[in-house]
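Each of the two complexes below includes chain A, the first together with chain B, the second together with chain C.
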Partner chain A sequence: MKKFTLSSGSTIEKPFNKVWVVLGILTLLIVIFSFFITFEPSTVNLSELGVIIKKMFSPKAGRTWGDYFGFINQLWEPLISTLEMSLAGTVIGSLFAVPIAILAAKNIFKSRFVYVPIRFFMNLVRTVPAMLLAVLAVYFVGIGVLSGVIAITIFTFGIMSKMLYEVIETVDMNPYEALESTGASKVQAFRYAVFPQVFPVFLSYLIYIFEINVRASAILGYVGAGGIGSVIKDNVLYNYDRVGATLIVMLVVILVVQFFSNYVRGKLQ
Partner chain B sequence: MTINAQKMLARKPKTWIMNSIFTTILLVAVILSFQGSSINMLRLQTIGVNLRIIGKQLINLNIDFLIGRGVYAFEEGVIYLTIETLAIGFLGTLVGAILALPFSFLASKNIVGIKVAKIGEAILVMIRVFPEVILALVIVKGFGMNALTGMLTIGIHSIGMLGKLFSETIDNMDKSSLEALEAVGATTITKIRYGIMPQIMADLSSITLYRLDINVRSATVLGIVGAGGLGASMILSAENSNWDILGTIMVAIIVMVLTVDAISSHLRSKLV
Partner chain C sequence: MIRFVDVVKTYPNGTQALRGINLTIGDGEFVAIIGLSGAGKSTLLRSINKMHSITSGQLFIDDVEISSIKGKDLRMLRRSIGMIFQSFNLVKRMSVFNNVLTGRVAYHPTFKTLFGLFPKEDKLLALESLETMGILDKSFQRADQLSGGQQQRVALARALTQKPKVILADEPVASLDPITTVQVMDDFARINKEYGITIVANMHHVDLAVKYATRIIGIKNGEVVYDGPSSKVNDDTLVQIYGRSLKHDEVLGE
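This part shows the complex of A and B:
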């Protein structure tokens, strides 16, 4: 450790630079993890990458560009069910999240025995990826939109309950106390002091999560949960042109929903 | 002018018209969605029955499969696959962060000006909207069914969000220290090292750690299309109704994600 003596006579130590420790750990992790990324030159076929992209964005042999874009007409139904399952899942999941978020907020329920287990449960739900939820749901209720709704509902519940309790914890509690001091019950105080502060944020999160859910549900069909992903799954082996056309529609819808979500959330704030 | 309560109340903005229109539209959309997703009591009852049967098997962990012994090779075991998933998530994030840097410079108006930044932003948006699973489907054709595909998918997909957040950090940077360095005659390298790096490194690392969380989660499902990790065994066991194996995988995912979450948020709290 380097020591410096200042002109005033006091000595200061140069602080230890942690950068080298961090770099060391990082290098170690990279080396260890690299062993698990198996690299076989025989499987790498870069020209295939160009071929597949060309196949996706041009009509298949024997089909015309008219067929390519004509396929989009068949996509309305799966597209609508994708949006339906996102919306239904977002709404149901968010409604379930409200009571749990209130229970998890430290400023409403001050007891550690309430918020610690609730938060652990929330974290547990949040760890399961939407795709795994969909895989499970498909085997519980069968192939179709309903399994997508269930997966999206649980997925939404996980995100919304966490975001919501963090908002509830940051609200200004003075009006709540003021109402309580005038003799209002806890429920009344919550309704008139906390709810108006939280509600606009809740709405804005609702729209944001809907946007995330449209992205997520677009591919859930790949494991049989209905919607536009199932079209990709059905065509991925032989009809790359249809996969490409579906992908274009999917990207446009996601962009539109994203634009709509940004616009509405901008208005809400 | 006298002010009284009634007059003030009358002056309150009439928000109820817009509110009721908005609520009606939302309600109609929700009701239509419920019908479209064909939720009914009979199906809900089936779920209940299935939950009891499959749920019991799900919590019955398969220890042989967990550590990869007996009929399972070590490479098929959950422990190996979990580390492989972690490797995909970690190295993918690293690749993504490195690739995102040039894109973020391209998208920050501080560095390239407003016009070029718009183009850079548009590129990042296009990368962001491309679903990960589809990206993996394409990359798998070029690189084969292995963890390398997963790593590249995660890396390319991460560019979108990392690039956006990086460029915001660069835009919010304090330029005065750069000017001060210039005034004392610093070279470009010195300016980057002492003027830019100390300001943005903490934020960049924090953003990358946050992305690591997300990427480890998505690395668990990329195996569904053959991009390595736990996903392949997950979908296979579900298709063959091997619920004990699926249960073991779920436990592994939950433990792994919770651990990465805890480490990442601990490190992030130290950084800020």
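This part shows the complex of A and C:
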């Protein structure tokens, strides 16, 4: 607490800023934890890293560069299924997130009995990592694209519901009041006063989450959720050149998706 | 016709906003409500379309007692009453035309309006309202690209599109500059004369209230302390309403 005394004799106290306490505790925790972390340099083998990179970006013994890039032809199908499961999961998960986000928004449902349990549920969903979701999905529906779609749907639902309810809460509620004053029902007032403010942001988030999901779903195949990740899994350790070619393709596709995402989101402002 | 009979409004925190209001406002009148901030002007205005419901007493709109109505009847009532706000209350990123069109939403069942489709008559009505307000050429711009005065005209066009009998205005010019203020007040006067729409407006600027309204209602501590033609407002009535006489520069709204 800091006290100011003015020349007139008046005094005023500046309240203590709690941020410093939080920052102090965080710093302390980091210092304490750093004592328990031990690095074992013996496990790091940089020469091996170089060997693997070389294996990835050159044809395997007995194969030509033609084979190296020819392999890309075999990637179209898993690539398309990766994009398909990302898109399907993003769209389905986002749609499921909409009603939940509305229920979680304090300015729409004012009752604590609505938004508190809904938010708890949302937080619960978000704690499960995408990889674990994929493992569980593979366990329940078997190896393939469907389990990928399920994992990405739940993963998207977790992010989207959280981001969307925060957007709904920052919406300007004055037009809502105006709509109610024209005799519109609450649903109509929401549709014409809140929805137009939220929808462009929703679309922008949807595209951004799609971008995240394309990256995530490339890994999900590793645990059996279909798509391009399964190609990496099948070839790692034996055909590094194929892993390398796959990585190049993934990189290009993700760059294209990012470019598209930035462009469209720029248009939506 | 709007009729208040012993209307009392007590807020949940105990504040008595209205203490026994008796008033009759006839069709086609232009009434300005003046008084200090917190005197109860806004509560009085908002009780007419039940944006605030009253605690006791009766409130009649065309002989329908509204303190007990709800649901569809309430929405039908509100549909016939336009409302103008200090901060315009438009959806900023939506086009002017779409904002004005929302004045028709209450005329259709909820499920029909979900898809954002309106009959051609509604669209024409919206455009005609914009023409009446002299901003037809702004129809397809985003609302936030317009100046404050133009945005308030969009809000007026939205109200007109409702085909209302009454327009309530809550500090309609409080966030406008002096020149636009006069233009918007002229618009209110024109709507009142040409369409015979009753105007009830809360005003801070006493001179503007006296100039444009035909009748002044002064509110102090939730009670009507002056009710009469604007031509008869003098220093004594202002003392009654504001507790002391206003200096020249305090009266001036421009």
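Worth a mention:
One rule holds for everything that comes next: the second predicted complex is superposed on the first by the 225 of 269 C-alpha atoms of A that agree within 3 Å, B and C clash if a C-alpha of one lies under 4 Å from a C-alpha of the other, contacts with A are read in each partner's own complex, and residues count from 1 in each chain.
Here is the rule we use: a contact is a pair of C-beta atoms (placed from the backbone, for glycine too) under 8 Å apart; a residue touches a chain by one contact, two chains touch by 3 or more.
It should be emphasised that the depicted structure is a prediction, and the values quoted were computed from it without experimental measurement.
Contact with chain C, but none with chain B, is seen for A:184 once the two complexes are overlaid on the shared chain.
Residue contacts after overlaying the shared chain place A:192 against chain C, while chain B stays out of touching range.
In the superposed pair of complexes, A:144 makes contact with chain B only, with no contact to chain C. When the two structures are aligned on the shared chain, A:81 is found in touch with chain B, with no touch to chain C.
The larger set of touched chain A residues comes from B, when the choice is between chain B and chain C. Touch criterion met: A:29 reaches chain B, while chain C stays clear of it. Contacts of A:249 after superposition: neither chain B nor chain C is touched.
When the two complexes are overlaid on their common chain A, residue A:258 makes contact with chain B while staying clear of chain C. Of the two partner chains, chain B is the only one touched by A:91; chain C is not.
On chain A, the patch touched by chain B and the patch touched by chain C do not overlap at any residue. Those residues of chain A that touch chain B in the complex are listed here as 29-30, 32-40, 43-46, 48-49, 51-53, 56, 80-81, 83-85, 87-88, 91, 123-124, 127-129, 131-132, 135-136, 138-141, 144-146, 148-150, 215, 218-219, 222-223, 229, 232, 236, 243, 247, 250-251, 254-255, 258. Across the complex, chain C is touched by residues 172, 174-175, 177-185, 187-188, 191-193, 196-197, 200 of chain A. Interface residues of chain C facing chain A in the complex, by the touch rule stated above, are 49, 51, 74-83, 85, 87-94, 98, 102-103, 105-106, 110, 113-114, 116, 155, 158-159, 162. Touching chain A in their complex are the following residues of chain B: 29-30, 32-34, 36-39, 43, 46-47, 50-51, 54, 80, 83-84, 86-88, 90-91, 94, 125-126, 129-134, 137-139, 141-148, 151, 217-218, 220-221, 224-225, 231, 234-235, 238, 241, 246, 250, 253-254, 257-258, 261.
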